[in-house]
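Common to both upcoming complexes is chain A, partnered first by chain B, then by chain C.
== the complex of A and B ==
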């Protein structure tokens, strides 16, 4: 694996203009924020209805559950792994959330908390296979994907859950006038970003993803880090599932198609290097909002939403290319 | 990514041959046991009709599994096969029904599009250095997105009679597409086991840098195998359309899971360097047998993907275990 996280361009011999340009380029978060702003301005100019408060609120809120899941996914990818079972896990956990609320006597808070435990359990199983049995994460989570997805269909037959209790709608609350999914997205992103930047465990995720051997030699317990990352990822999947389940008055007990791809796209486009070792969750959250803004724009400028997935694919490709070219640049200096 | 982790235990190359030979024998025994159990439990199973029909149903996965074996042997992976499958099906229907091209031309265009999709994967992997996992994950989204965008949820149907021969007809009493698969499997098998090209694949899987320094055309070989993967996915897509008489943009989603499960079940190491076409064929047959057995036992179709997931993880565990034992026995 390539390990270039510790290489920095030498300070000498680069003109200040080039240097500042590169430092802007180096910040994926800045690029995303500018792109998002430009998109809003351009589409707003083309069709002012895009800027209506209701639509802007939808842009912010619509992908909040994807942004929350992308936080965990970003940690997994930074550690040099991947989780493609996350979409199925969210489907299963959302169903779990709804079933606890409708078919048990437990207080509604349990329907919000138990899916987090469920997510941790799924994450622990994935993590165990990856960390201790050394099976590549892509294979483990591919297997987990089919087990969860198939299991859900067999168990529920795609049945929709109705008759949710009145106080169930966590995602419909609006503390201080702001939709609760937006609160979750912002608070969790900030907390996770701080944790990844300043805590020892957070730093060790970067170390494991950047250079496994070096991480091991510096005394990091790689297995335990990978295990933790997958468990945390599961918990975020649980939160995401609760936000997803509580947004409407019914829950469709199916795995949202292509959800894992949307989450991975948010992480990758957010600047989490798929080569491991770099990236932040602020980027992935910005990317999740950007993806929603793009999807929404397509409607307002009369492009068929059927092209959305293709746009996602192109965005991933561009980001990965930029990442690789940037690494080459860095290595050359 | 962890797929290319090379500092895990790697058994000696010369031991591998016997290793996967024995894996094939084990699989064959399991296969025969499965057939025996199923035939005693239902009278439907061991009929010529059922077996030929199962052969018809498994051809699409089986065809894609052949180049996937090549790719996994080199230590790579191709997650975009299901999307290429769907895209070429849509391109076929679109160029015939919406562009008004002759159906023969539409088929050729669909196959060419599939090959180009694979070539694009290969080019980015070789020239830019994008890891195969990431590249094909991106194109998994991109190609499926193109299929959705082009089709706009419309489907093509009402093909002329001759079009269905490949997917629904028989040749010498055997489903037509099964002939295609048998011929393809023999060619792929010989290429992998008996040619320089095949040996190059193993060399790349065991030590890519070493293969490169030995003067093997590593880059060209990669381009060829990813293009082949695209082409065979497109052929499988064409056969599928011919079998089910219509096109839909979500065709082949999840195909990659079944294909990879079959290849790995067949004893090809996910870390690269070992594997065989015979093993893959047995893997494909085993999975089809499992599906057939489950459906005869009254399980819903969706239950089978649970079982495939379990089989995938379990077979890798067993594989790892065998390789570890061999690694420590030396």
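== the complex of A and C ==
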């Protein structure tokens, strides 16, 4: 091989260090963290009440259930799919959670665990249609959305569940003084991030989303990867539903309007490429917190909170634009 | 004679890359001027400057001696520049006539599209290219690549192109289509069209071009009349050094059969293939596009499993139902199209290289990062992949280095049988020689290699044995010393001389020919 090799200019160590530092700073996660910090500092300066412990706790806690659901959603999107039934699934699973607690004699822990199983089942059905019958996920989950949403209305007629048992409020617990939803959000995000990055299956999810055909030719079982992703997503929807259901003293048995959009927004703004193959759950969690922080800021600087949706929209457009520009730069080498 | 188009002292840079640096180029009326260079030499950038996609940082473009500035592709088109890209840019759902006149359809006096005139003029244009058998009402998406390319050429002429840029026009064509393309190019040259011809295949340059300009690393190396140069001179101009041997075939010990295939069918493309590949042996599989050679490889690798027939690996009969099955049996497959089938572009070298062995280097579900990194670094070393680290994203590598990453991925699985489909397509000469050397070394170490290629010099230079496929079956077999380009090409395209037909395949060959 020596006869034909050419010299390759070896880059100086310092420049590659700078390069990696720069690429970390340019990552979506870093941008979100910096934006979040800047927002807190600026709004805090404008109105110090924003920094009150009570409000900071609300900023962290308020979107925790969205962040948890966005973990699963991010995996689905990284794999090159999408799940628009997730909001309806959370509505159904939250109702299931409340009904198990009020209408059965089962210990309260079952009302927390069975929705996870229910979520896994919904995910398995979605996954089966996408992976084995090869129907585009947007169509499958659109169908699932209508079934769940319609089913819930027929079954419960939108009535509210009261009389929840006293020990039911999982989301109201505060271990070590920190609200339990925040614990769930942080622990699950870290575990999922490690699993996505370092496990063989996590790697396969990126491979399938990045280039399905190349992944298949590399011996990766695409069907099983997609199936797993949807089941995991269902479980996270279940956890999210339990956090949602147990935060107050009653549960309204309807699908929270626009919930799937908030979750998808967290993933996309978190840097998960809508085209599949890139993104992390750390990004989506940071984005979920950032969106809550923006909503909260609006109150403190006297902007109508109705602007929140518009701001979310702008953030989505900016993020997707940045993603596309990044891809273009990659392509032209 | 004044050149029709001239580029003087052209420079163009992108963030981090000097794509062209004080380069020059010219083309005259009625000339086929070939543009040569390795990948990354600046050919594409130059074409994009001429076709108005980029603007130069420095230097000027002259059209008939007058400086011009192309702000966008429309300006270039108006000046008579037309480009035929590798990926054709036609609308598959529209007809031939509609595609030809897209954007400038003839109008009637009410300002509506004049369909009659459009069809008529499309027919005339095609006839002027000696194409008489094409239905102008047919949807382009239903036609062969060769025919689509002819439509593309007609489209360029409909815009009165005086300068025609052809970027690797033969890359996806069958041999017969290549011949017809050459005739069209010669016809256009006679008519005074200036043709800029880009190809990796040097033989085409000698067949077709009048002059050739070589670029290297963004710089102008030189221009030569084709009659006054030779292949090895052009190669050394392109790579800046002398390549001693493009086909470094080493003698290898041929051992036991690794793959034995008997009468394997997979309709409609694979119709009764019988062949054997032994340890240490390189078997070259030649055939036209559509002869079933790639489809056969996909059968062996389990992408489209066999309908019938038997496959033995290491003497044991096996069922291969998926690529995962094939991998377990020690079969690896370097696919034809590394972009869509080989690489995951967003991933880095390390992650791509470990993809086929993820389960083996993962302990307790987690990937062993140390093992992964050392595997990638070993491959970078062994295949001389030019990258600053194993963390480099593969998209930023040159074509040749990308191909080496794909090959690495498969070598990591320690295969006993390596199937390579067009292992050196679209990569530059230097990397080509390196990959050939590697193939040769792998065979020497006892790997069985089945190499599919459209390039006869590659087939002849690398193989111990050459099999020719046509109509889904093996129609001829030659040993290394008996093969000549002529008899292989003859067997690929038509009736092979009777005595060269492999006896075991004669029957299926005849039935396939019906």
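Points to keep in mind about this one:
FYI, the second predicted complex is superposed on the first by the 308 of 333 C-alpha atoms of A that agree within 3 Å, B and C clash if a C-alpha of one lies under 4 Å from a C-alpha of the other, contacts with A are read in each partner's own complex, and residues count from 1 in each chain.
One rule holds in what follows: a contact is a pair of C-beta atoms (placed from the backbone, for glycine too) under 8 Å apart; a residue touches a chain by one contact, two chains touch by 3 or more.
What you see is a predicted model, and the numbers here were worked out from it, not measured in a lab.
Using the contact criterion defined above for the overlaid structures, shared-chain residue A:265 touches chain B, although it does not reach chain C. Of the two partner chains placed around the shared chain by superposition, chain C is the only one that A:219 touches, whereas chain B remains out of contact. When the two complexes are overlaid on their common chain A, residue A:192 makes contact with neither chain B nor chain C. When the shared chain is aligned, chain C comes close enough to touch A:206, but chain B does not.
Look at A:129: by the touch rule set out above, it reaches chain B but stays clear of chain C.
Contacts of A:311 after superposition: chain B is touched, whereas chain C is not reached. Using the contact criterion defined above for the overlaid structures, shared-chain residue A:144 touches chain B, although it does not reach chain C. A simple residue count on chain A separates chain B from chain C, and the partner touching more is B. Once the two complexes are overlaid on the shared chain, A:154 sits against chain B while remaining clear of chain C.
Chain A residues in contact with chain B (one complex) as well as with chain C (other complex) are 1, 213.
Residues 1, 3-6, 8, 10-11, 16, 198-201, 203-204, 206-207, 210-211, 213-221, 277-278, 329-333 of chain A are the ones touching chain C in the complex. In the complex of the two chains, the chain B residues touching chain A come out as 1-5, 7-8, 77, 124, 128-131, 133-135, 137-146, 148-149, 151-153, 249-250, 253-254, 256-257, 260-261, 264, 270-271, 300, 302-310, 312-313, 316-317, 320. Contact residues on chain A toward chain B in their complex (touch as defined above): 1, 80-82, 129-130, 133-140, 142-147, 149-151, 153-154, 212-213, 257-258, 261, 264-265, 268, 274-276, 304, 306-314, 316-317, 320-321, 324.
Touching chain A in their complex are the following residues of chain C: 14-15, 17, 239-241, 243-245, 301, 303, 322-324, 326-327, 333, 335, 340-347, 351, 355-356, 358-359, 362, 365-367, 369, 384, 386, 388-389, 393, 395-397, 409, 430, 433-434, 437-438.
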